[in-house]
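Structures are listed in the sections that come next.
In the two assemblies presented below, subunit A is common to both, partnered first by subunit B and then by subunit C.
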Partner chain A sequence: MKNIFAVAGIVIKELYRRKDFYVLFIVTILICLVMASVNIFNDAKIVRYLKEICLLLIWICSLVIAVTTTARQIPAERENRTLLPLLAKPLTRPQLLFGKFLGCWLACGLALLCFYVFFGALAATREHQWPLLDYFQAATLHWFMLGIVVAMVLLGSLVFAAPSSNNTICFVIIVGILFVGRHLDQVALTLREPLRTVVYSIYFVIPHLELFDVRDLVIHNWPLIPWLYFSLALLYALGYMAVFLAGACLVFRRKAVN
Partner chain B sequence: MSVILKTQKLRVEFRSREMRQATKVALNGLDLEVRAGEVFGFLGPNGAGKTTTMNVLLGFVPPTSGEASLFGIDVRQPIARQRIGYLPEMTYYYKFLSAEELLRFYAKIFGLARGEADKRIDRLLKLVELEHARKRPIKSYSKGMQQRVGLAQALINNPDLLILDEPTSGLDPLGRMKVREIIQRLKDEGKTVFFSSHELGEVETICDRVAIIHQGELKAIGGVHEIIGRHTSLEKAFLEIIGFQTPPTP
Partner chain C sequence: MNSPRTILLLLVALLVSCFGLAAHLQPQFEAWRGSRASGDIFNVVLGDSRRMFAQSFYVKADAYYHSGYYPTMFDDNAAFQTAHMAEDTGAVNSKNHGDEHGFLGPTRDWIDAFGRHFFPDHHTHLDEGGADDDLGGSDNVREILPWLKLSADLDPDNVQTYTVTAFWLRIRMHRVAEAEAVLHEGLRNCPDSYDILFELGRLYDESYHDTDRARNVWNLAIRKWLKLDPDSQKDNRLIFEQITTHLAKLEEDAGNLPDALNWYQAAQKVSAAPEALQAHIDAVQKKLRALIPVAPAKLY
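== the complex of A and B ==
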């Protein structure tokens, strides 16, 4: 485990020493503060729109951070040849992969924590309340969704040669799942065989990232998700992370390092 | 002296996509023996198979046939790498880390306790003359300084065998001299050094034995003076061994 944590530590250091996170965080703050400073139509419930936009920006920023940070990990190690001295030490390839995964996931978690603290503070200035359990559920589900994304992108970084192509393909898949994923079963019903089976198969195989999108919960101050369903969603995410990481280990085992 | 690095009838074949899956023989029946405490120079023109040999020794490339072992352990077993240090050619270490952080990271991988790691990092940074720049990010280092950080990382586990792939490649004369001095100091400490180089002058100065490889085959192996033989320098002996004909002067 010490090797995995050592590699993860380097990934986290990389994130907070690069400018990407700070730029996205500051842009989010500026947009939200500008929007918070005006009260269009003098609507008392305007805070909901503000919360919605802030959460949308947080989702976009977190996906950008997760995908771009993860996509460059292994290709950068290969390109800079740091993979060679690393694997010449008593560090196995699966340990390196798990370390990279853990580092990216924890780094995303830290970034998410900053974003949600800002979001909570912004909402509290208008609503004068801190629904901490709502925020906890939303942020945790969001973080586990990013875990699936990180594992998927890590696998992609071993399959696709260039980080840019991996970034593009992963973004298309993620956005596709978020927007279309939940409707695929209904689409399948309108199709003829064998296309119907194909679309149904895709529906059951893809990780349903939209399940983790509970923004409405915090926007409209809805009641909490039952803890059993919440736990099942986390288990669902862990299952997909394990599947993607196992695939990454299999691909990386056969990959030439030089 | 005991043999700590050994290859027997080592053969490596690659299938080249560019050549429509044609087989390229990178190493052909390579027999090598490196003894404890010696500085061993591994010479050959570009594409001769030097880096491939090192990649096999480090477990990066599986041999097609033959055997390779370090300290009597098959190179395919990760434990064989516990007592070695490796410096690859032209590596660009994590730019966002300082030399101290980089060495601490590698020390963690070897499971060194914090106190022990601190002592070793201090000693290594002194050895490679980077104490003054220990807190600076590596991206601000010159090429020579980066190469010396590379040497320090290769020594973090106090290895018995050092494998260095062209350690002076791309360095200015001062940088080359510093790396040469470090290798000399390691030799005085009783370390075994196996390194490839194109700088035949420095090989002549610091090596006990050399091997010359060409087109994947071992052409000569022995003491430096033995290889030089009737020639005036190692360079001339090297050129003759690899079959290079000097054009007649007009």
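== the complex of A and C ==
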């Protein structure tokens, strides 16, 4: 565990040394403040459009941070020729992978924390309330979704040749799941065999990232998600993280590191 | 050749020719029908595609009206053909049918069943309390306004955007001045709109209690409606019925019973439920008969 945390610590330091997060965070703040300054029929209590824009930007920024940070971890180590010296130390390949995963995931968590604090402050200026449990549920589900994304991209970084192709393919898959993942079964019903079985299989195999998108509940002040289902969703995410990490370990075990 | 003076003169010559060319082309560009330069920022950036975005934002406003419980393109949206926020103003023909509460249908599999805990899962309207079912918070309907405003900016020719915006501004938020400004803006963009005139009349009548202005505006709306071709009139009977019924009520309250009777009868001709108006007609006729002086009976 010590080795894993050591690798994770390096990844987190890399995040706050790079400018990506700061740029995205400042752009989000600026866009939200500009949108907040718009006068809509002289009513200062209108807030939901602002929450929607802010959460949309948070989702986009967090996905960009998660995918781009993770995709360059292993290729960068290989390019800089630091992978071999790293593995020469008492550090196994799975430990390196888990360390990279944990670092990226925790880094995403820290970024999310900043984003959600800003979101809460922005919403509070108009709503004059802090539904902390709602925000906690939304942020936690979001973070666990990013865990699946990080594990998937880490596997992709071992399968695809370059970080750019990995980034592109992962973004297409993630956006595809978020937009049509929930409806693939309905799409399958309209198809003929054997395509129907193929689409149905994809529906049951893919990680349903859209489950973790509870923005509508937060924006429109719906009641809390029952804690049982909330916990089950976290378990569901952990399951997929484990599957992707196991896949990454299997691929990395036979991968040439030089 | 490369002296600074030559370069300077060349630059000046270029500047003069650029200015001359621009001055020559500018009037032609202004006169060109395809020019976007005279339009607003949305027109410049989006061109005619802005109407498509305007429709999306209009639908977005209706999704907000339902606190996010709204069908996607994959769901059964038969009950959402006409925006409910427009339907609830009472001045729009509804094309909705089917179950608005259960467009999701029965759960299809465990992923679908599980997923329904993570998005809005029952039908509500913001003016009826929204997600909280708290009628005290029914002024939350204000949340649809940013999207309606954006939709109106993108497509200034969509009449319904103005009438819906003005209705909710006036009824739930009690912002009559803003509602009137929206309707006047709508009239500037769509001067022949009887829908906007009808809503403006309601505003004068119900909010300002200015019956004279309401009567004038509704009469103008009737004249605009009568200019429609017969097919269009057939499609827009509801608004005609609404205008004539409101005029009839106004005249009845003002004591102009013959006029009231005429308007009720005009409304009855186009109404989908003429028997409901018959009761009003009977009541006005009864009042009229009571007013006609009865000839004194012969004493001898």
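We take it that the second predicted complex is superposed on the first by the 253 of 258 C-alpha atoms of A that agree within 3 Å, B and C clash if a C-alpha of one lies under 4 Å from a C-alpha of the other, contacts with A are read in each partner's own complex, and residues count from 1 in each chain.
In this section, a residue touches a chain if its C-beta (ideal position, glycine included) is under 8 Å from a C-beta of that chain, and two chains touch if they have at least 3 such contacts.
Keep in mind the model is a prediction, meaning the values are calculated, not measured.
Of the two partner chains placed by superposition, A:Ile4 touches none, neither subunit B nor subunit C. Applying the stated contact rule after C-alpha superposition, one finds that A:Ala107 touches neither subunit B nor subunit C. Once chain A of one complex is fitted onto chain A of the other, the partner contacts of A:Phe212 are limited to subunit C, with no touch recorded for subunit B.
After overlaying the two complexes on the shared chain, residue contacts for A:Val150 are found with neither subunit B nor subunit C. Comparing subunit B with subunit C, more residues of subunit A are touched by C. When the two complexes are overlaid on their common chain A, residue A:Pro226 makes contact with subunit C while staying clear of subunit B.
Contact with subunit B, but none with subunit C, is seen for A:Leu87 once the two complexes are overlaid on the shared chain.
Once the two complexes are overlaid on the shared chain, A:Ala256 sits against subunit B while remaining clear of subunit C. In the superposed model, A:Lys45 lies in contact with subunit C only, and not with subunit B.
Once the two complexes are laid over each other on the shared chain, residue contacts for A:Arg18 go to subunit B alone; subunit C is not touched. Across the complex, subunit C meets subunit A through its residues 64, 67-68, 72, 74, 108-109, 111-112, 114-115, 117-120, 130-132, 142-143, 145-147, 149, 169, 173, 175, 178. Across the complex, subunit A meets subunit B through its residues 2-3, 5-6, 9-10, 13-14, 17-18, 80-82, 84-92, 256-258. Residue ranges on subunit B touching subunit A, taken from their complex, read 51, 55, 58-61, 78-79, 81-82, 84, 86-94, 96-97, 101, 105-106, 108-111, 150, 153-154, 157, 163. Within the complex formed with subunit C, the residues of subunit A that make contact are 38, 40-43, 45-49, 141, 180, 182-183, 185-187, 203-204, 208, 210-214, 216-217, 219-223, 225-226, 229, 232-233.
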